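Okay, here's the structure, questions in a sec.
Going by the order they are written in, the chains are A, B, C and D; count residues from 1 in each one.
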């Protein structure tokens, strides 16, 4: 199954469709059924003590699965998150980017399932894990 | 078990400890093991089509469980989210607040579990449900 | 929306379709978008110390959501579990039935979401909570 | 961190502590922070159509994380499951064993997190994924 969108095409799609958040995320690398997305940590992501907030990590996992799906099926479909299970396991390191390694475990006609490991850049032990389900609406 | 903090005390705590996000949430009502928190929907919460973003809903559920715990144990403890499972069930209504009805199912010495239903104000069917686990560190 | 199957019809359906497990569960009460199912605790459900096993509690939550769906849509559809998030919060009481209070939060054309609280009979604090998603295949 | 128990020691522990279910599971291979456990599929695991039941898959994931933890910390601790999120993605193949590939993402002093992929033996696409949290009680 060939990629329908590469990193540049995904980035342009985000700028057009999600101008409010596109700048939050950088696509490091995209492949078949997998993607690596980076979140440069800015002041607005932080909680007291310099830690990255849970909602910011959720957002990173969510956008990663979304982009991994679009890379495979192209920009035409409007996929929506139907569920997420996320475990926060360690405190993120201060002052470094968060990196999300995501792979799709299933890409069906109507449902997709992705799983993510989130890391503080340069630290081996994962900060969080997440699994997400997306619903892929039928094309009109 | 008496409340340790009322809505006004929780709001002041948020303003001091989480100045970046305190304005996003309004405490409607707090009781024993339960709270209702409102998120006035602003432009930054929105996705294309006027829908509230998943990360915004996650943030609302997360802060609701956090505040429900603090109301019971007081401002001294630093509780952290350890896991969340969230289901997005319906598209939020446009142009109205999101309201989170949260109750604590367990408030143990080291772990707390809360569950939330999220509604678009004035609409009966819930938009999302979430369950969250918090770890409560021992006092030093 | 009227009930398509009452408790007796659901019990007969289970005996025919799931003869291996039908005897494990008793339908206490069924209503619109809700059901209460009881699991008489037998030796095979137990773990050391007399506690009910996690898989047994999962099975009780799973069958409860399944039956709540069938009560609403009738015996013709073959619904399958697509996901479950379950939190085990307290040790079950020894020697008493487990009771599951389940309600459907969504019953869509292709997806249903149910949530459950599991109790040891006669004990107020819940032993576990679970949320489950079912996929409802289109009729042929 | 050296293994505290090998496959043979884990199997003996299961026979003594969980005689009711020990025969259901075979430890294929155990390593640091990881294990592969096999469930020979018997009649009692099946649902109509020859598919493996959800509770059986839950049980396989649950025991896999439990054994992966014991392999690292030894038989002295009484770990209990506190939560599980599981996604059922594909119908299992008929007539073959289920195999669970499990790794521990975190093994803290009080909490452990493991994730599992479940396969029908000989089939590449996973049948299910699961993440589980265990609580590790302090030693007395």
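By our rule, a contact is a pair of C-beta atoms (placed from the backbone, for glycine too) under 8 Å apart; a residue touches a chain by one contact, two chains touch by 3 or more.
Just so we're clear, the structure is a prediction, and the values are computed from it rather than from any experiment.
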item: Intersection of the contact lists for chain C and chain D; value: A, B
item: Relative to chain C, chain with the most remote C-alpha centre; value: A
item: Distance from the mean Cα position of chain D to that of chain A, given in whole angstrom; value: 28
item: Whole-Å gap between the CA centroids of chain B and chain D; value: 34
item: Separation of chain A from chain B, taking each centre as the mean of its C-alpha atoms, in whole Å; value: 23
item: Multi-chain contact residues (two or more partners), chain A; value: 82-83, 85, 87, 89, 133
item: Overall pattern in which the protein chains touch one another (line/ring/star/complete/other); value: complete
item: Footprint of chain A on chain D - complex, ascending; value: 85, 87, 89-90, 105-106, 113, 115, 117, 125-126, 129, 131, 133
item: Interfacial residue positions of chain B with respect to chain D in the complex; value: 82-83, 85, 110-111, 133, 135
item: Of all residues in chain B, those that touch chain A in their complex; value: 17-18, 20-21, 43-44, 46-48, 53-56, 58-59, 62, 80-89
